[in-house]
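Beneath this line is the structure, given in structure tokens, with notes to follow.
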Amino acid sequence: MPRSKPERRAPIGPLAVAVLFVMLIAAGLVLNGYWQRTLTEVFLVATIAQSINIIAGFTGYAAFGQVVFFGLGNYTLAIAMTSLHAPFLAGAAMGSVVCAGFAMVCGVPLFRLKGHYFAIATLGLNEAVKAVVNNWSSLTGGGSGISLSLPAGNDRGNAQVFYGAFLMLMWASIAMVWLLGRTRFGYACRAIRADEDAAASTGVNPLFYKTGAWMVSAVLAGLAGSLYAYWQSYIEPGVAFDMDISVKGFVVLLLGGAGSVFGPIVAAFVFQIVSTVTWGHLLTFHLGTMGILIMLTVLLLPQRYTWSERRRAVVAGLQSARQRLVGARP
Amino acid sequence: MLQQRCNFLGPAGSAGFAFATLALLVCGGTPAAADDVIRFGAAVSLTGPLSTEAKQMKDGYDFYVKQINERGGMQIGGKKYKVEIVYYDDASNPETAAKLTEKLFSEDKVNFLLGPYGSGPTLTASTVAEKHEVPMVVAHAASTAIYSRGYKYIFGTLTLIDEYFGSIIDMASKIQPKPQSVAIIAENALFPQAAAEAGAKRAEEVGIKVVYNEKYPTGIKDMSSNLVAVRERNPDILMSAGYTADMLLLVRQMHEMGVKPKLLAFALGPSLPTWVPTLKEQAEGTVEPIQWAPNMKWKDQLFGWTAQDYADLYKKEFGYVPDYHPPQSTAALEVFQVALAKAGSFDPKKVRDAIAETDLMTAYGPIRFDSRGANTAKGMAVMQIQDGKPVVVYPPDSANGKLLYPLPN
Amino acid sequence: MLLTQSLVNGILLGGLYACIAVGFSLIWGVMNLINLAHGSFVLLGAYVTATINQTLGLDPFLTIPISGGVLFGIGYVIQRGLINLVIARSVFSTLVFTFGLNMLLVNLLLVAFTADLRGIIVPYAGIVWQVGTVRIPLTRVAVFASAVVLTALLASFTNRTRLGAAIKATSFDVDAARLVGIDVDHIYAVTFAVGAAMAGAAGSLIAVNLVFSPVLGDYYTMKAFVVVVLGGLGSIPGALVGGLVLGITDNLASVVLDPGYRDAVSFALLLLVLVLSPRGLFGKPFYAEIKA
């Protein structure tokens, strides 16, 4: 079994990161409203994918209902800003606390489950929270949703602020995943993914690491949710707790490679272009086309989780093919 | 060695991809618009659960386009402009509606905007329009919430949600002997809840007791519990608002559970094409407040049609008798037509001011906007299914039939 | 009074839930595959029934074998041709895959049938029996009875036929099954086809009582989840009991608590069972568990 190295970047790494960073900032200043918005969405999708990366990619627990944290972030912020008249940052901070707390509390019972059962449990969790939000009208506005007031200031300036905020959040999520790859915490998580019982026997407390990872991923998703609510100025339960957001995150993660630092970012870009193009040009069949593409993604991507493992597999395959062509040496 | 060369993913790869993406997307933009054309943008629900209703909305827009272009186009500042509408599908998703509205403005550079279908998408789409200070006329979202945010660029031609159940209650209060009680069942969503609240309020005002006012969750498949509770209270009137599938279910289960109100009203349902074919005899006597019916006594200032003329012309063009959705769409464009002629230019602020001063009679009804941007000049009529056909039963001067009350068992 | 009516409604509904869920349970228990397209299979069955009823005037209950048969064929082809390619992959790969499949099926249904709501009103829909203050509609009883009969048929199929035995063997231990000469690919395809057929039959029943459209399928998938978790994976009596429990709790929750909280109660129940007893009421150690 190939030794799994931590994800070390080649020396051009830091330079490329800086270039990417600058480019995206420049893009934010130059592009028109629609493209700005489209890119902002890419950053959002990338952040969600990284959030899922931390829990599913590293610890191997497929939290299919991860969108619950996105929704909680949305609603905490909306309630804080409308009922408590809190400023945005305070509301976002509250959202993070709520998400982390929720992950901690739910982690204890749910992490006893494995595989499909865990995935279904998180799905049930999301649906249960959605149902409660839908009904607790006095707090959440119920099915009618919550309208937030528009942020002050001119429109172009505000669009750029949101663009920048989502961009920063995406970078924060990249940083989190990168950090995870280099620290003991991340190592423990990956040990749990590989073989939880073996990891436990070496002194790793699985519940601690799983819950910790989930809390971090929850905060990321929650912050994305808070920003989103403020950006849209109107939220409702069906949108805030929409399973499609989770699924999109999983598809992007699958495409980009679980455990990889930049894979999900690239995948988010690719996915969003494809999504936009099909929506714009295939009026009655975009749903089906996305379905086919999702199936193809799963079908064609090799089973190896990360792109470095895939690369190794491809390289090994090429080498053995070359040997066969040349003829086996004695 | 091969491995190092293959190390193209990672930050370098991301940078490359990002650049390629941006280049691709920006270069693949849409072509510039031609002269002598005025372009409107509309996000419509071509797919999604409300696509059947929304198709009628789009047909209404297309009907106008055909009619006006046959006459040379809109007259603006001394020149005639052909009308073109750019459509995108929002699948009734509020976020998509917002995004598409942004696209219509920034990418397609349409001149003015038409509202999407439904209150949720309209709430978010109108926010985008307001931010960009582009006038948007809404023809298919009746929630008061849309017009209560102090927005200046959003106008709605249709009667607001308050009047939906309000007109039913008004009609009921004039019946002899007067109904004493009303029960309300509404879906837990923006539009139905607003209808329920307004309806309950109006009932209290006229002295009809609200004996039951409950929500049901979206996507419900069994309303028997609500209905049994209603049956216990034996109301004279039962009003319900929600997604059509739920309303159809309600009627069927009402018969199963033995709920027998004297008056049965739906905020939306009986006027839809699927209602009578699906429910057959059970549809008899069901009542709906409607924005418009072909026998309304209105005559269009711009095109000279009466409501009936409109219906006939429309049927010839599209092959089906229109419910209120198409003329609602057409009226929105007529508002623009008048405002643009008055403003004499495409300047959004001037057009916005001209729209605010609208005082127009259309085949759809009178249109005058209050300070919120809502059309308070037009009321609702009430129709009832009799012998499988819609009959207008209220108000008396527009009625072409009499209300069947109480409903026979 | 209200409570009794709710209880009766719950039982009748529960039978339908069981029928919807049992195919889902079989597929999950035997193949360790969660089929998120299950709701679309149910809808397909409903459309087959509605179409036949409209064109030939055949009573919906009589179309059950037809919708079952059509879905059997479709299910076999989909499994053999498509799902088999990803069956061995990770949890989230297969979940995402069937999600994509569902999107495709929904779009195909939308193109074929539009988003118009459909339902069937049978001539005898008005017949309602009254027992005390409790009203029991004939159609609901017929649906309940059919659901139970179908479920029993499935049980006898798995318990009494060779094919059924082969399916059970495969679900316990795939390698051992191969060793005794079972063609596992074929068995998987048959299992999936049978699951789809049950979904199709359930669809016929739905067409009688409810209205449907292509975008309303997820509801049935969600209900199937809860029923399977409650009743236990791969267990047919479990699906029946789970369905009844869900139907009753749904209805009682509406009456005792706020009607709006019924969904919250369903999912809270799901979570409770998962946490306290993941195997549900009747679940046995299964391939699914060993794999997980």
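To keep things simple, chains are lettered A, B and C as they appear, and every chain counts its residues starting from 1.
Everything below uses one rule, namely that a residue touches a chain if its C-beta (ideal position, glycine included) is under 8 Å from a C-beta of that chain, and two chains touch if they have at least 3 such contacts.
From a predicted model like this one, the values you see are computed outputs, not experimental measurements.
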Chain-level touch network, classified as line, ring, star, complete or other: complete
Comparison of B-C and A-B (more C-beta pairs in contact): A-B
Centroid spacing, where centroids are CA-atom means, of chain A and chain C in whole angstrom: 32
Mean-CA-position distance for chain C and chain B (Å): 36
Where chain C touches two or more other chains, by residue: 110, 258, 260, 263
Numbers and ranges of chain B residues touching at least 2 other chains: 47, 188, 215, 217
For chain A, residues contacting two or more additional chains: 131, 134-135, 142, 284, 287
Chain B - residues contacting chain C, complex: 47-52, 188, 214-217, 219, 221-222, 224-226, 228-229, 232, 244-245, 248-249, 252, 255-258, 273-274, 278-280, 282
Sites on chain C touched by chain A in the complex: 28, 32, 34, 82, 85-86, 89-97, 99-108, 110-111, 222, 225-226, 229, 258, 260-261, 263-264, 267-268, 270-271, 274-275, 278, 288, 291-292
Of all residues in chain A, those that touch chain C in their complex: 56, 62, 64, 109-110, 112-117, 119-121, 123-125, 127-128, 130-132, 134-135, 142, 247, 250-251, 254, 284-285, 287-288, 290-295, 297-299, 303
In the complex with chain A, residue positions of chain B that touch it: 2-4, 6-7, 9-15, 17-19, 21-22, 24-26, 46-47, 88-89, 93-95, 98-99, 102-103, 105-107, 120, 123-124, 127, 130-133, 145, 149, 187-190, 192-194, 215, 217-218
Chain C residues within the chain B interface of the complex: 1-2, 5-6, 9, 13, 110, 114-119, 121, 125-126, 128, 130, 135, 137, 139-140, 209-213, 215-216, 219, 250-251, 254-255, 258-260, 262-263
